[in-house]
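Look for chain A in each of the two complexes below; its partner is chain B in the first and chain C in the second.
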Partner chain A sequence: MSPAIFQTALYLSLALCALGLVWRVSAWFRLRIGPDAQALTLFERLAAVSRGTASALVSRSVFRVLAALVFDVLLQYRLFVQAKLRWFAHLLIVAGFTLLLLMHALAALLGDALFPGYQPTLAPYLFLRNLCGAMVFVGAALLLYARGRQQTDLAQTRRLSGAAFMALLGLVLASGFLLEAHKIASPQAFDRMAQQFAGTADSAALQALRALWASEFGVAFGDPNPAPDRLEQGRELHRNACASCHSVPSSAFVSYPLARVLGPASGLLDAGHAEIWLLYVHLFACFLGLASLPFTRFFHVLAGPLSLLVNSAAPERALPARSASPGSRAACRALALDACVRCGICDAHCSVAPLARYLGNPGLLPAHKLLATGALASGRLLRPDHENQALQAAEGAFLCTDCGRCTSVCPVGLDLEDLWQAGRGDLAAAGLPAPAQWVQARTAVAWADSLEAEAGPQSYSDLYAASAPLSADRSSFSRCVQCQTCTNVCPVVAHSMGSEHGVDLTPQKVMNLLRLGLRELTLGSRMVWDCASCYQCQEHCPESVRVADIMCELRALAVRRLGAVRPTREAA
Partner chain B sequence: MTGARQDSCDVAVIGAGMAGMAAALFAADRGLSCIQIGSGGGILFASGLLDLLGVHPVDTHRPWLSPYAALAALARDEPDHPLARVDTDSIRAAFESFVAALGAAGLPYAPLDERNRSVLTALGTIKTTFGVPLSMFPGVAALQTRPPCLLVDFRGLREFSARQIAATLGDRWTGLRHQRIEFPGSESASELYAAHVARALETAETRARTIALVRPLLGDARAVGFPAVLGLARAREVHEAFAAGLGVPVFEIPTMPTSVPGLRLLQALETAVSVRGVRRRHQVRVRKLAFAAEGAAIDLDGVPGGERVYARAVVLATGRFSGRGLTADREQLRETILGLPVQQPNSRADWHQRDFLAPSGHAINRAGLRIDEAWRPLDAGGKPAWPQLFAVGSILAQQDWMRSKCGSGLAIATAWAAMNQVARALRGTAAI
Partner chain C sequence: MKYALFLGCKIPSQLPAYEASTRAVLAQLGVSLVDLEFSCCGYPARTISRDAFVLSAVRNLALAERAGLDLLTPCSCCSGSLRHAIRFLQEDEQLRARAAQALAREELVWSGKTRVEHLLTLLARRLGTDRIAAAVRSPQTGLRVAAQYGCHTLRPSNLAHCDNPMAPTLFETLIRATGASPIDWPRRLDCCGDPLHQANAPLSDSMTQAKIADALASGAEVMCTACPHCQLRLAALQSGSPGPAIRTLLYTQLLGLAMGLPAKSLGL
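After this line comes the complex of A and B, so read on.
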């Protein structure tokens, strides 16, 4: 390869990588996630992060950061706790790739300096390089397997760029192994090296060397069993000309068998200049990976460790994003978007996952919410073509119960609860508030009117028999004798006794509207929406009417029915 | 029933109305372990007044000053009436025991004597009853002597009008005045609910503000009547505070059901049976009741996964129609749990008289289960349906408790008498 092409490609990919990094890192100071982040200036955020970093590094928390560096970053302890197989696979990739990067890609800088006489074609480096490559390969395969096993019926947060990067990694490994194998087997390569390092030897000696390399080094000359005395002759030349750089390659446990397989075709490959184009493929795949690193999910190799270290700086058990200053908090949230690897462990532990499945809305799940939070911050979620995603995200955000399981299981230690809280604030500000808020923006009568205007006065009993079985079935409320017991025991009615913003109906009146067939009038009622689900009414009802269950069902029904006739987004 | 919860007891009481509560109470007092099945919703419709026997015979509407004299007449005229099967000493003991349990649970009653009392109602009418809560008791004396008296009501409390009572009684009670006040803290509310007012009065500040509103209105009044909203769980404390704060006797007037006194009665009974160790199965229904030689197996719905209760004896206290012990279809009345034969008119045409308000009442209101002398319901052959199955309360035939004004008496007295039989029957058998 010409040095000019190599250098141009290297510097170009380095430049792209650097630009990408600047762009990604700047997002940590640009993205505004959460109402408390909206008013901050870039300078305030930079200052807050610098102050926070400085104070963490000069205080005792530096020890926590160091511990996190060892246990969380290097040993991946959090992942070990959550998923042993993935932890093993991840460790294989990280160790193998790092060693390849240092000893192979940067050999010119590090290999020689650290190990005098370093040659990748010498033992034990022959074996070790194969081992590192195999580790990465096995690790990636295991990760794909684990990912496949995790399949759920809900859509997963996959992106094409992630798969493309994974394919690129495979290409680098495959081309590397093939290149090495081809170079072992290639007669052309042997001849070129022999010319260079043993050019002064006579032709008989060269023949002997060829015979030795054919029988012991796997070069495909097609004469594997020469006479022993010729081998001895060749070995002598080998000791003088080759041995300082070449060990027997059979310890390259991937490339050597591969070379034996390629052997019969090596003449053909030589004729086609395979050595050159395999090298091109290998190098350009590496350069492409380098350039695209900041633009794919693999950016987490930087953001993940950083996030772990930042979070470890916070005092024991305190959630960093909450104790820090608004500026640091904003940076933490934006960093979280990049540190998330979409491993899906949070989804697997999510308390409302059954609800997500029932509603068919993956927007309830943490990994999806994280994407939506980012999309909202970047403005993408509010574009007209993202209306459905916006509605799904809003429903998901407000059905989250803040149980905190996602935060406690996250392998990169993200404070997801804080992110959800911030995201809800942003959704409300963007005109996508919680249903309780948008429903109560109009009166029950106004809602019933718009339902009628939109859909006509037809009956929905059949339509909702499955999704709203209680309110569609007269027998669930026809026993009501209007005795007022539910109203008497209702704490919400009691609370609103002295208030101007009291409930508009009492529970018993809600039941009466149902008895009269006026369900549409109940959907937007304050009573239905202020119901605390304490079940006092249901416990006390002398006729065993499931009052609280019906209230709950009416709210669910209202979200669908009223949601269908309201503008997608209320004016903020 | 694999995987279902299981429990066992001496006696299972099915029903949690007045009769079921009394049966559970008396079972526990007799040392029997008891599981009670069913919710106490029916008690919410009670007024808090405990009738024994107010009217006999029903067609002449004759009121009685002495319930025991009325019981003697009943025994003479209707020997099959369930109340006529209980001797008066047992009735006295049953009421004393029941009222003592309520008092211990925070709902004190005036001492019982041999007389019925006259109590003023929210409609301005006079009701004859036997057991009167202490909070209403000063009203009995006031109604008797009719001194200058003030009736107070609250704006927005729809079920009670002091003015209506005064208008109804005015010509017979000249010193009766009425005043409407604004309930403190609810000036902007258009409607008040009795139970919420009652709870609000349990806070000292609201109570003091209410008393301060009433005191200037007292004038020459020597007693003050309020709707029965003076406290719920701490009613005794609220009542005493009003009497002390106003310096004259204060009485409550029972309101229309469902009322605060009904809620108090329910809470007191729930407390009374619970402190006696009765295991309550609230809001469940009996899916199946099957008998074997050693006891009954009762399968319950409404418990997640279901539950089976084993009982050596079963007491049916499921009531009539509103308690769902009986149900009526187009042809006949049925008993809902076991399909026991129901004593009833021959045809649907005979259920009711032509005159809806006929003084003698309707035949359907005397329908129910026939029993033997040991309170065991009879099967189609006239034999006890099962040796250890008993029935109490309004599901029993031959009585029209609403017109006789004997609802509580029927519940309490039959529960007492039947539980004596249960205890006797179980004495000879081994525990399960």
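After this line comes the complex of A and C, so read on.
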């Protein structure tokens, strides 16, 4: 490859990578996640993060950060606890890739300093390169396998960028191994090297050397059974001219078998200048990987460790996102969006994962919620074409029980509870609050009017029978004699007296509306929505009407019926 | 005696002291606990979908059944949810079929074997107050304690199977077993206000404040709870509030102290 093309491509990809990094990192200071982050200026956020970083590094927390560097970043302890197979695969990839980067890709810069006497053809490097490549390959294959096993019936959150990166990694590995294999088998490459290192030998000796390399080292000369004395002559020259700088090719334990396969075609490949274009493919795949690093899943190699270090700075049980200043907190949240690789471990442990399945709403799951949080911060979630996703996110935020399992299992140590808290505030501010809030936007009568205006050919009897059997069945409330016992024992009614925040109806009136067939009038009622489910009414009812159970049903009905006639977002 | 411990969602993240003290006390009383990875009891989904609520609840019952265990919960609301789900399943054949189908996807079965036990009834009924009193090493003599039952511990009584819903004595008996003196207070069976917090915060606060004021006026030094929602609500309203405050203790903490367990092991 001509140095000019190589350098242009290298510098171009470096420049793209640098620009991309600036863009991605700047998002940690630009994205506003959480109500407390909305008013902060860029300068305030930069200052807060600088202060936080400085104070973490000069206090005792520096030891926690160092411990995290060793255990969490280098040894990936958190991943080990959660998923042994993925941990093993991940370590294979990280170790293999790092060694290849230092020893092979940066050989010209670092080769001698880190690896004394480095030569690509010399032991142990010839072997090591293959070992590293194989580690990355096996690691990637294991990761894909682990992912495959983890497939759930919920919509996947894996993004194209992850697949694109894996494909690129595969291309780099494949082209590298093929290039090496081709060079092992190629007569042309042999002749070039023989010319260079054994150029002074006579042609008979060179022929003997060829015979030796063909029979013992896999060069495809097509002379399988040379005479033993010729081999001996070749071996003599090999010892003098080759052996000191070239290990036996079979120590390249991946490329060598590949070379034996390629052997028959190597004449053809030589004629087609395979050595050149394979090198081009290999290098350009690497450059493409470098240039796209900030834009693919691969960015997590920076964001993940950084997130682990940042989160380790806070004392036990007080994650930084909660104990830090609003500016640092805002940065932690934005960083979390980049550090998450959607490994799905949080989803697997999520307390409401079964609910996600039964409701058919993946928006309940942590990995989806994280994406939605990012989409809301960037404004994408509020676009008309994302209406469904926005509603799913709002339901997810409402149903999250704050059990904290996602935070405790996250392999990159994200304070997800803080992110959900922040996201809930943002959703409410964007007009996507919990049902108890959006129902309050109108009175019970106004809601009933909306339902009447909608009045289409639809029948809701199936919905009622299946999801609200008590309120659909007259016999469950027709016994009500309007004695007011329920109202008299209701603590919500009692505390409503003289309060401007009181309820509009009483439990007994709700029962009466049902008796009158005016169910739709109850759905938006404050009494229905402010019911504390304390079951005093039901316990005391002399007619055994299941008042509290009916109230619960009416709320679920309201979410369905009123949800269908409201705008996606309430006016903020 | 062996149970699958159903902590629910609040305790592990927001009230770890309840878990610690429950484990500490039950270990002393010879109750062994098994940890299964349960999911949400379904409670929050009751406002969205009856089906989702029941299916989420019954999944937990099926997990316990697979382990051949009954389920013990220190959370009144979880206990209530699981019992409601059982009732809905018993009443509705089609719902049962949908549940069986959903469980089958995880190779789970619920045949109705799993019993749901609340911590208080385990202590008072299965173990008995005599056994509890026998384990007391440092009686909390003279401590005036208001029992905060928690709605779903008692009601609806045909599901909770706890005590007389109008005039219960179970919690007071348990308090007496620690050597402390239970007090009578008019609002002891009232709601703590927690479920209302999201829908109507001022009304919820007014309910909580009324309880605290009543316990104080009735001469209580400590309000004793057996539900994370009550405990967290009472503590949250009092933190940073200028009004009169009352100490809140989980029953497992009170019992642990009476057993002479180190305060740290009880999350105190």
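FYI, the second predicted complex is superposed on the first by the 540 of 572 C-alpha atoms of A that agree within 3 Å, B and C clash if a C-alpha of one lies under 4 Å from a C-alpha of the other, contacts with A are read in each partner's own complex, and residues count from 1 in each chain.
Just so it is clear, a contact is a pair of C-beta atoms (placed from the backbone, for glycine too) under 8 Å apart; a residue touches a chain by one contact, two chains touch by 3 or more.
Everything quoted here is computed from the prediction, not taken from an experiment.
For A:Gly404, decide between first (touching chain B), second (touching chain C), both and neither.
second
Does chain C touch more residues of chain A than chain B does, or is it the other way round?
C
What is the contact status of A:Thr485 with respect to chain B (first) and chain C (second): first, second, both, or neither?
first
Touching A:Gly502, do we find chain B (first), chain C (second), both, or neither?
both
Return first, second, both or neither, reflecting whether A:Ser244 touches chain B, chain C, both chains, or no partner chain.
Once the two structures are laid over each other on A, A:Ser244 reaches no partner at all.
Looking at the overlay, what does A:Ala434 touch: chain B (first), chain C (second), both, or neither?
second
Using the superposition on chain A described above, determine whether A:Val493 touches chain B (first), chain C (second), both, or neither.
It touches chain B, and chain C stays clear.
Contacts for A:Glu539 in the overlay, against chain B (first) and chain C (second): which applies, first, second, both or neither?
both
Would you mind listing the overlap between the chain B footprint and the chain C footprint on chain A?
Of chain A, residues 496, 499, 502, 539 contact chain B in one complex and chain C in the other.
Could you list, by residue number, the parts of chain C that touch chain A in their complex?
That would be residues 9-10, 12-14, 37-40, 42, 44-52, 55-56, 59, 84, 91-92, 94, 102, 151-152, 154-157, 165-166, 189-191, 193, 195-196, 198-200, 202-203, 206-207, 210 of chain C.
What residues of chain A sit close enough to touch chain B in their complex?
483-485, 487-489, 493-494, 496-500, 502, 506, 539-544
Using the touch definition from the top, list the residues of chain B that touch chain A in their complex.
39, 41-42, 44-45, 185-189, 192-196, 199-200, 257-258, 260, 263, 282-283
Once bound in the complex, which stretches of chain A touch chain C?
Answer in residue numbers: 349-355, 357-359, 395, 398-399, 401-405, 407, 417, 434-437, 440, 466-469, 491-492, 495-496, 499, 501-502, 526, 529-530, 532-536, 538-539, 546, 548-549, 552-553, 555-556, 559.
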